[in-house]
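Take a look at the structure set out below.
The chains carry the letters A, B, C and D, assigned in the order they are written, with residues numbered from 1 in each.
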Amino acid sequence: MNEKVKGFLKPLAESLLAVFIGFFLGAIILLAFGYSPFEAYYWLLRGSLGSASGVASTLSYATPIMLTALTFAISARTGIFNIGAEGSVYFGAIAAIIFTNVYGNVLFGLLMGMLVGAMWGLPAAFLKVFRGVHEVISTIMLNWIAWYAVLYLVTGPYANPSDPNKTILVPESARLPLLGGSNLSVGFILAIVASIIVYYILWHTELGFGMRASGMNPKGAEYGGIDPKKAIIWSFVIGGFASGLAGAVEVMGRPPTYAISQGMANINGYGFDGIGVALVGRNHPLGIILAAMFFGMLRAGTTMMQIGAGVPLEIIYVIQGIIVVAVAIPGLIDIFRNLRRVRA
Amino acid sequence: MEEVPLIQMKNIVKVYSDGTKALKGVDFSVKKGEIHGLLGENGAGKTTLMKILSGMIKPTEGKIYINGEEVHFKSPADALEKGIGIVHQHFTLVEVFNALENIILGMEGHSLFSKIDVVKATEKLQKLMDELNFQVPLDIPVEKLPVGVQQRIEILKMLFRDVDILILDEPTAVLTPIEVKELFRVLNLLKSQGKTIIFISHKLKEVIEITDRVTVLRKGELIGTIDTKNATPQVLAKMMVGREVVLRVEKPPKEPGAPILKVENLWVKGDRGEDAVKGLSFEVHAGEIFGIAGVEGNGQTELIDAITGLRTVERGKIILNGKDITDRPPRELYDLGLAHIPEDRINMGLIVDMSVAENSILGLQWREKFKGPLNSIRWNAVREHAKKLVEQFDVVVPGINAPAKSLSGGNQQKLIVAREVSKEPVLIVASQPTRGVDVASTEYIRNYLVKLRNENKAVLLVSADLDEVTQLSDRMAVMYEGEFMGIVKPEEVTEEEIGMMMGGIRRE
Amino acid sequence: MSLGSSIVPILVTSLMAMVPIVLTSVGAVVSERAGIVNIGYEGIIMISAFFGAILAEVSGSWFIGLLGGAFVGALLGMLHGFITVYLKGDHIIPGIGINLLAMGLVPFGIVAYWGTAGQHQVPDTVRVPNWNTTYGNISPMILVTLVITFVTYWVLFKTPLGLRIRAMGENPEAADAIGLNVEKYRFWAAVYGAALAGLAGAYISIDWVGAVTKNVAAGRGFIALANMVFSGWNPLMALVGGFLFGFFDTLAIWVQSSQVVPWQFVQMLPYVMTIIIVAGIIGKVRPPKWDGRPYKRE
Amino acid sequence: ISDKGETTSTPQYKGKIAIVYDVGGRGDLSFNDMAYLGASKAAKDFNLELVEVQSAKETDYLQNLETLAQRGEYEIIIAVGFMMTDAVKQVAAKYPDQKFAIIDGFDPEMPDNVMMILFKENEGSALVGALAGMVAANDDKDKVGIVLGMEIPVLYKFEAGYRFGVSWGVDYYNQKMGTNKKVDVIYQYTGTFTDAAKGKAAAQAQLQQGAWVIYQVAGGTGVGVFDAVAEALKAQGKDMGPPFAIGVDSAQDWIKPGIIIASMMKRVDVGVYTAVKAAVEGTFKGGVVELGLKEGGVGISTIEDVKEMFNSLPEDTKKQKLQELGFDSEDQLFAKLEETRKQVPDWVWQAIDELKQKIINGEIQVPAPMDKDGIEKIRNANDWTEMMG
């Protein structure tokens, strides 16, 4: 038990330290360009947590990146760097739109989004397993292919005849209910549930046992009667489910759009943000829930940060980037401890 | 007047970052121009001591003097500077480079940015090889060369650097007797040229044959240094192991039962596409230990991999309990009653980052008693299982939730044995089951294998430790270049005969 | 005008488009030959394009701009090298961080430094002088790229330094054992790779397009990685591959006017090709054995 | 600035207005900057405090608008860009007392506290098309080009207007000169609004195929178009067209003097100013306000327009830009622009005026296709009269 707690606390502390470093260096950059970091951070917090609608938008932002982070995390646990969440988001979103227009039902839409998202995970999985193509290379390429393929569907066959600036809409009957009159949909709850399911799969099922074993030691896993190839394929598929869901939720439960807008501006970038979330959440579903809410907070707070402190919103990406670089430093905590010792 | 030793290491302590105390205050000295043996069991600290002397790692405590002058090695470069070179136990060759490139690496002989003068380097090397009458092909990637040749390259690499002190870490472990002879010729030649050589080995006879003096280590401590001319195998063995009696296993006679494992004309390819197993046929019966001896690298690994479902078979058949199991995956084999104690416990037998409990079901995770609804694992049952194994086999663990990497090597091995036995197998394939394991655990594991045999299980044992094979086996084979040089009863052959088989001479 | 007679301008454009991809790929080859994987080249290109333009404008010299871009790339390479080589950290994660950082820093920097959003046009006076032909501009950087490629190839495969670098990626233990400083070689190889990516970034902003936009790398850092794999970690093949990428990208634009296939599918072509090539060829090429693995002596 | 966002109203202002930019953002030298121009002018004229909010992503719109509306302290909230249509609709319904204006956005069910300001880009594009067509015909060339961003239906209006104008211009020329010339339009959707390299490659391809004037409708990608034309000129040892580029949205002529002959101005500033004025003076009314040539909402840039645009830049930026362009003073810059325009015969400019008048008085209707079929029809039409029908 004690080891379990320790195994949890250290990564948590390291992530917190990375967050601190991000804010600290962010403050220096703000100062360098003549902005007040205190004001910026005050308004950031106030905007994201200072009101009910702020919290709702924090959680809205957290929803898709929580799901795409799961995609990255489950493959990372299987020893794979799957950065193809982005493509599955696109396909999940367009599938949800197409199929809810065939049959306007919430469950059907979510299901088809997840299914198509998962299918888009397969090419990279097969390339990895059967052709030995490194997944970082293949998923980068596949993301571009997904981008153009879905863009074609969005501008062509599924463009909205009455409003050419977006696709056909998800019918009202297939929209996710909103929570308590806010703009936050039950999609957030779905994301939490998905995180718990991923946790359950990884640590409480035979499948997850096999995936984790393959991730830590493929030779040992094979010896243990596990097929690492199957584990890899499953990790892509489950990851695709999560990202496909992210896409579906964005179009079925993110007012006001309920469609993909031209240029796919309302569904892109979540895959990459998710990687950052997963890394800060230490590839643990529970850590990811926290990290996603933290990243959501950053995004939700930027409006007030601009209004209140006049700070350009891109600084938030700068801070996010610094946090991820800091997370990459192994034994961050130990380094800091040693520094303290040296100074003392 | 006392002569100043060429090398003096004083009170060397080494604690590895994981807390392992590999050396506990060792003194060691070598005279100029001698061949000095370094003897000790697995894990005694021989390699650690030599890595310190060659600058690979730094001692936690202690001082090193060369020619009476204190030195501080920060890296192998510093040691090479002082004329100390080492041939590592595990070769350090760049596999895709050829011999020439491997040998001149770091000694290319001119500015970093000018073209490598291959002709000149070849000439220089050829001269060196001719002097010693010690030839290697220079233009073939070393991964395509046999280990014996690779070792020559390692030695040439050091001589090319004009080292005065040459350290050889278990150089004979992978050599055939003929290659050993050739090596000894060269070592004597080098000695006559005034070089100093440190020779590490487990093999008493070799040490007695080639060295002038011997130092013995045991569990990180210096036992003593003696002149070889005063040494006998018995004396050295006692120093090494710490007790007079060498391990003995009680093995009551037993009639073998029905054949459990049948291997028919089996061909298996190695990692480099070569034929590693060439048409083997044999049977292992219930209530029998069938041992396979031989120098490592003669196809044992590939044979075991094929039998345990980890490598595809080129040709031939494997039959377990009457069922054809050729090319079936491990999972199916385990369900049919196979247990496998693999030779590499860190990279195969355990997932060292997983907990003891998780490791206790590796290969059993799908069994009924651990499975709950929805593909779930019943962790309570797993923990009980792990506790039982740990108790029964006396595995020392910090806790069953601790990662397997926090166990000592011997205890890791015991955990594997315990788990494999818990599969309730009909056939146990045990590969190097006591390598790197302390005496007590070795005894335990060997006796357990006999116990299994007595319980009428079939045991296939592969070991590089000849004593282990001869003591445990009811029948044994000696493997050489993918073939059996003969299948014999251990009590019916002499050690010389086995030695000849290991060197590739077939017994009729 | 038929496609046939367009071949010269297509080639010229392809050569210009090839430069950033080849530079980055060649740098990545060296880095990975020494065992250091870096997927942050996209971010490095962006950040260097930005600072390269600033440095060129401040100094009034395109030369300083190019050097500055390479220097900023090198600094980022040092960050990556420090984390991966000295702290023995994971090779993929810092790259992801650098990419994220660039996505924020560059748009932020454009607004904060030039007061325009999303884009800044570099004045002609500090742009790299080009040879203006009727078929399009030809930059001296094409020649520089060729020289860098051939010299890198030569150093990598013919000289002691190259032998050592390759040893670091294949078996750092072997190199360590004979007294070579593994960390030093790996670190500087990582820096070299990042510096070339930095040069590529500066080339984009102060030479080829003469502008810094918030998406100035536009995926070229990733393409360069794919091209590196395609090349089998060989600078000369990286040159060929980089040219092919430039060629197909340009061709896509020319072909597109015909509108036979939806343009989205034409744009997809280079990526589909990469996957096909990489999947087909990967059996033959193999990455350096220790690629992406931290080396610890104890 | 510490209480910039506090709800206590600042005494020296009579009120506040807020403007939400789309993802392109302030400083795009284009659409958003024009909006700022109008808003800041209105703020000055009516003594209002101006609050600006930038959007990083499309998902920010709703939150940005709602955050502002919640505060209930703005005379009017202006949303810049059609992408915000849905968000405005939702927030306006929730805050019926708050006045909104949206630029370029239209929805038939928009609540009536929203003023929807639309522009007839097709009309403006027709003018620059006519310019391109006549310049090409006059120089005995047979092709002009247009480089666009991502293929989204809003851009069809630009393409159609341009095609229409080219055809009208060539027709005008033929009638004037008694010739029978034809000028084709090469067009290219680059698929991006941000990759300047793609824009450059596309423009180069068009120039190589003989395009004599290129109209860019591609945001950041368009930067590459200007560069490609500049290079082509340099290759001929010229620093002034033809070939020319044509700018879009704002009076971009000054960005590359000598190369950009004119710009299709979309007077977002006029739209924003109109909305603020209505809100302040109490004449605000929801619904569509469509601004075409007649209303001065679109047009072809004049030197005066360029001056105004340039002068709206912050003083520092202005100085820096002049220096970057290699001019000692503003006058030098504008002289150069004048000279650029002189490369085209006067009758061309007069003809453009003529077209403008005909469009204004309804004699000529420029097509405005909204979908793929519509634009295909225009592309396949033989001449401008066929396009109209």
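One rule holds for everything that comes next: contacts are C-beta pairs under 8 Å (C-beta built on N, C-alpha and C of every residue); 3 or more make two chains touch, one makes a residue touch a chain.
The chain list, named the UniProt way, goes like this: A = Ribose ABC transporter permease; B = ABC transporter ATP-binding protein; C = ABC transporter permease.
All values reported here derive from a predicted model rather than from experimental measurement.
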Touching both chain C and chain D (chains): A
Contact-richer chain pair (by C-beta pairs counted) among A-B and A-D: A-D
Whole-Å gap between the CA centroids of chain A and chain B: 46
Distance between chain centroids, defined by C-alpha means - chain A, chain D (Å): 36
Where chain B and chain D are represented by their mean Cα positions, the distance between them in whole Å: 76
Inter-chain centre distance, chain A versus chain C - centres from mean C-alpha coordinates, in Å: 28
Shared interface positions of chain C, touching two or more other chains: 111, 264, 267
Set of chain D residues in contact with two or more other chains: 151, 191
Where chain A touches two or more other chains, by residue: 148, 151, 155-156, 312, 314, 316-317
Chains grouped in pairs wherever the two touch, ordered by label: A-B, A-C, A-D, B-C, C-D
Residues of chain C that touch chain B when the two form their complex: 155, 158-161, 163-164, 166-167, 170-171, 173-181, 289, 297-298
Footprint of chain A on chain D - complex, ascending: 1-2, 4-5, 23, 51-54, 56-60, 62-64, 66-68, 70, 82-83, 85-87, 89-90, 107, 150-154, 156, 191, 193, 370-372
Sites on chain B touched by chain C in the complex: 16-17, 54-57, 75-81, 86, 88, 92-97, 101-102, 104-108, 110-116, 157, 161
Touching residues (chain side chain C, partner chain A) in the complex: 39, 43, 79, 83, 87-90, 92-94, 96-105, 107-108, 111-112, 219, 222, 225-226, 229, 262, 264-265, 267-268, 271-272, 274-275, 278-280, 282-283, 287
Touching residues on chain C, where the partner in the complex is chain D: 1, 6, 9-10, 13, 17, 57, 110-111, 114-119, 121, 123-125, 130, 132-137, 204, 208-211, 213-216, 218, 249-250, 253-254, 256-257, 263-264, 267
